[in-house]
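See the structures that follow.
Next come two complexes, and both contain subunit A; in the first it sits with subunit B, in the second with subunit C.
Coming up: the complex of A and B.
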C-alpha cells in the first residue's frame, strides 16, 4: 500500500511518517509512506492508495476531496491527539482501515 | 466555561472557516502564493552568496580574499535576485495556468510576452561620452533592469494574472484555429494558441499606448506610484504584522494552520518585495530602505518554543511530560504541531488568553529591540533553521540578534509559566481522578 500524508509544508508530517514507518509489520516492508505540502497534492495523488490530512489542514478537506473522490482514493483527517503525540502506530492502523473500507 | 467554549467554537467556525476556505480556494491568491514560493531556491541561493561576499570581518583581516570573493560572486546577484520579477512570472503563470486548465507552457509564454509588451526598451540615464558625463541621455535597445527586480514584482503579478485570464477566456470562447484531426497534436497545439496569444498581447499593446498619453508614461511607473508604493508602506508596518499574528493565533486555536492563511497568504508577497529591495541595497552597499521585511521571520519563527520549554521544565502530570518530550525537539526546528495538537492547545480554554496575546507581545518587543540595536534581518532563512542561527545568519553576524532572540524567549517563557502551571494542575487532578476510580 502507498500512503500519502499532506500538511502545510510537509515538515511536521515528516515526523509522523518516520514514526509510521517504524510501526510497519515485516510483511508490510514494501509499503510507501510519504509527506508532501498541500501545493503538490494534485500532481502526487495518483501514485497513492490512501491520503491522510494533517489536522491543521482540515479546512482544506472538501477541496482536496473533490480531487480524490472521483479517483476512488480515500482521504481522511488524522485524529488530532494521535497527530500531536506522533502516534505512528495508531495513524498507520487508521490508514489500514481506510484502505480496507474503501 | 465549557458552554462559553462551545459558543466560541461555533462562532469562529461560522465566520473564520468560510474566510479561510475563501482565501484558500481563490485561484488568484493560490497562484500568487505558489508563484512567490517558487522563488525560494533563487532567494536562498542569493542569500548564500551574500554570506560569502560579505563575510564578517573578512575585509579587515584578509582584504585580498574579501575583494576576490566579492568580484567573483557578484555577477550572480543581477542574474538571480535582479531578475526576481521574471521568476515570479514563471512561477505564478505556471500555477495559474494549471488552475485555469490551460497549457502551462503557453501560459508562461503569454504572461512573459505581455510583461515585456508594457516594458520600455529604453532608459534615461547618465552616460559617459569621450570621458564627459552627459545627464539625462536616452539610451535605446536596452531593458532597464530596475523593472525586472523586486520593484517589478507587483507589475509582474498583475500582468500574469490578467494576461492568463484573457488568454483562457478567449480559448474557452473557442476563438482558435482548429486543425483537421489528421494533424498530429504536437503540430496542432501552437496553432490552437495563436489567436488567444495574439489577442492578449494586442490588449497589452493598447494598454501601453494608452498609458503613454497619461502623465505616468509607462505601465510600470503607474503601477509603482498607484500600487507598489502604498502597499510597501502598509506591508512594512509592524501593526499589520501584529494584527496578522493575532489572527494567526485564533486560527491555530481552532486547529487550522494559521500561519499559511495569514502571514504566508497575505503578508508574504509584499514582505518578499521589501526583502528583495533590502537585498538590492545591501548588495550595492547602500543603507537599507526597509526595516520590516520577510527576513524578520528569523525572529518570529521560534516564539512558540517558550510555552513548550515551560511545559518541559514545570510539567508534573503524565500528559505534560509526554507532550513535552514529543514537542521539544521539533520545536527547536520551529515545528510546533506536536505541541498544538498533542497538549492540545486547540480549543483549550485555559490557554486561550496567553495563546492570543503573548506571541504578538514577543514580536512587538523583538521589533522595538531590532530598531534600537539595528540588528535587522536581511537574508531569508529556511524556516526550520534553529533559533539563534536564524538571527545570526539573517543579520549577517550581527550578534545583537542573539540578545533579541534570548529576550523574546525569556519574556515568553516567564509569561507562559503561570498558565502552564494552571493547566498542569488541571491535568494532574484529572489523572489522579482516573487512577482512583
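Coming up: the complex of A and C.
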C-alpha cells in the first residue's frame, strides 16, 4: 500500500512518517509512506492508495476530496490527539482501516 | 535542555488545528452562517491559547537561566504559531468586512 500524508509544509508530517514506518509489520515492509506539502497534492495523488491530512489542513478537506473521490482514493484528516502525540502506530492503523473500507 | 518532540508537536498541532478552524470560520461567514463561524473562532481561540502557553513556558524557562537547544523543527513549530496568530487577527477583521459585504449584497438584491 502507498500512503500519502499532506500537511502545510510537509515538515512536521515527515516526523510522523518516520514513526509510522517504524510501526510497519514485516509483511508491510514494501509499503510506501510519504509526506508532501498541500501544494503538491494534485500532482502526487495518483501515485497513492490512501491520503491522510494533517489536522492543520482540515479546512481544505472538501476541496481536496473533490480531487480524491473521483479517483476512488480514500482521504481523511488525522485525529488531532494522535497527530499531536506523534502516534505513528495509531495513524498507520487508521490508514489500514481507510484502505480496507474503501 | 532539549525541547521534547512532544512539546514541539503540541505547538504544531494546536496552532495548526486553530488555523484550520479560522479559515473554515471565514468560509462559513461568507455563506452567512455567522453563529457556526463564531463557534469555530472560539474553538480556534482555545487551541491557540494552548499553543501560546506552550511557547510561553519555554520562554520562561529560558529567561529563568535554562539553556534551551532549538531544533529546526522548533523553528517550524513557531512558524505555525505565528502564522496562526496573524491569521486570527486578519480573519477576525475580514469577517466583519464580509458581514458588511453580505449586508450590502442583500440590499442590492
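Assume the second predicted complex is superposed on the first by the 102 of 102 C-alpha atoms of A that agree within 3 Å, B and C clash if a C-alpha of one lies under 4 Å from a C-alpha of the other, contacts with A are read in each partner's own complex, and residues count from 1 in each chain.
Going forward, a residue touches a chain if its C-beta (ideal position, glycine included) is under 8 Å from a C-beta of that chain, and two chains touch if they have at least 3 such contacts.
The shown structure was predicted, so the numbers you read here are calculated from the model rather than taken from an experiment.
A.B. asks: Based on the shared subunit A superposition, would you classify subunit B and subunit C as clashing or fitting together?
C.D. replies: After superposition on subunit A, which the two structures share, subunit B runs into subunit C.
A.B. asks: Based on the superposed arrangement, let me know which partner A:15 touches: subunit B (first), subunit C (second), both, or neither?
C.D. replies: A:15 contacts both subunit B and subunit C.
A.B. asks: More subunit A residues touched by subunit B or by subunit C?
C.D. replies: B
A.B. asks: Which partner does A:63 reach: the first (subunit B), the second (subunit C), both, or neither?
C.D. replies: Once the two structures are laid over each other on A, A:63 reaches subunit B alone.
A.B. asks: With the two structures laid over each other on chain A, which partner does A:39 touch: subunit B (first), subunit C (second), both, or neither?
C.D. replies: Touch partner of A:39: subunit B, not subunit C.
A.B. asks: Quick one: is A:47 in contact with subunit B, with subunit C, with both, or with neither? Answer first, second, both or neither.
C.D. replies: The answer is neither, since A:47 touches no partner chain.
A.B. asks: For the superposed three-chain model, which listed region of subunit B (78-86, 150-158, 240-248 or 276-284) is the one that clashes with subunit C?
C.D. replies: Given the superposition on chain A, subunit B and subunit C clash at 240-248.
A.B. asks: Starting from the residues of subunit A touching subunit B, keep only those that also touch subunit C in the other complex, and list them.
C.D. replies: Residues 7-9, 11-12, 15, 54-60, 80, 83-86, which sit in both footprints.
A.B. asks: Can you check the complex and tell me which residues of subunit A touch subunit B?
C.D. replies: 7-9, 11-12, 15, 39, 42, 54-60, 62-63, 80-81, 83-86
A.B. asks: Where on subunit A is subunit C touching in the complex?
C.D. replies: For subunit A paired with subunit C, touching residues are 7-9, 11-12, 15, 54-60, 80, 83-86.
A.B. asks: Within their complex, state which residues of subunit C touch subunit A.
C.D. replies: Within the complex, subunit C touches subunit A at residues 5-6, 9-10, 12-17, 19-21, 23-24, 27, 73, 76-77, 79-80.
A.B. asks: Taking the complex as given, what residues does subunit B use to touch subunit A?
C.D. replies: Per the touch definition, subunit B meets subunit A at residues 17, 20-21, 24-25, 34, 37, 98, 252, 255-257, 259-260, 322-323, 326, 330, 335-344, 346, 383-384.
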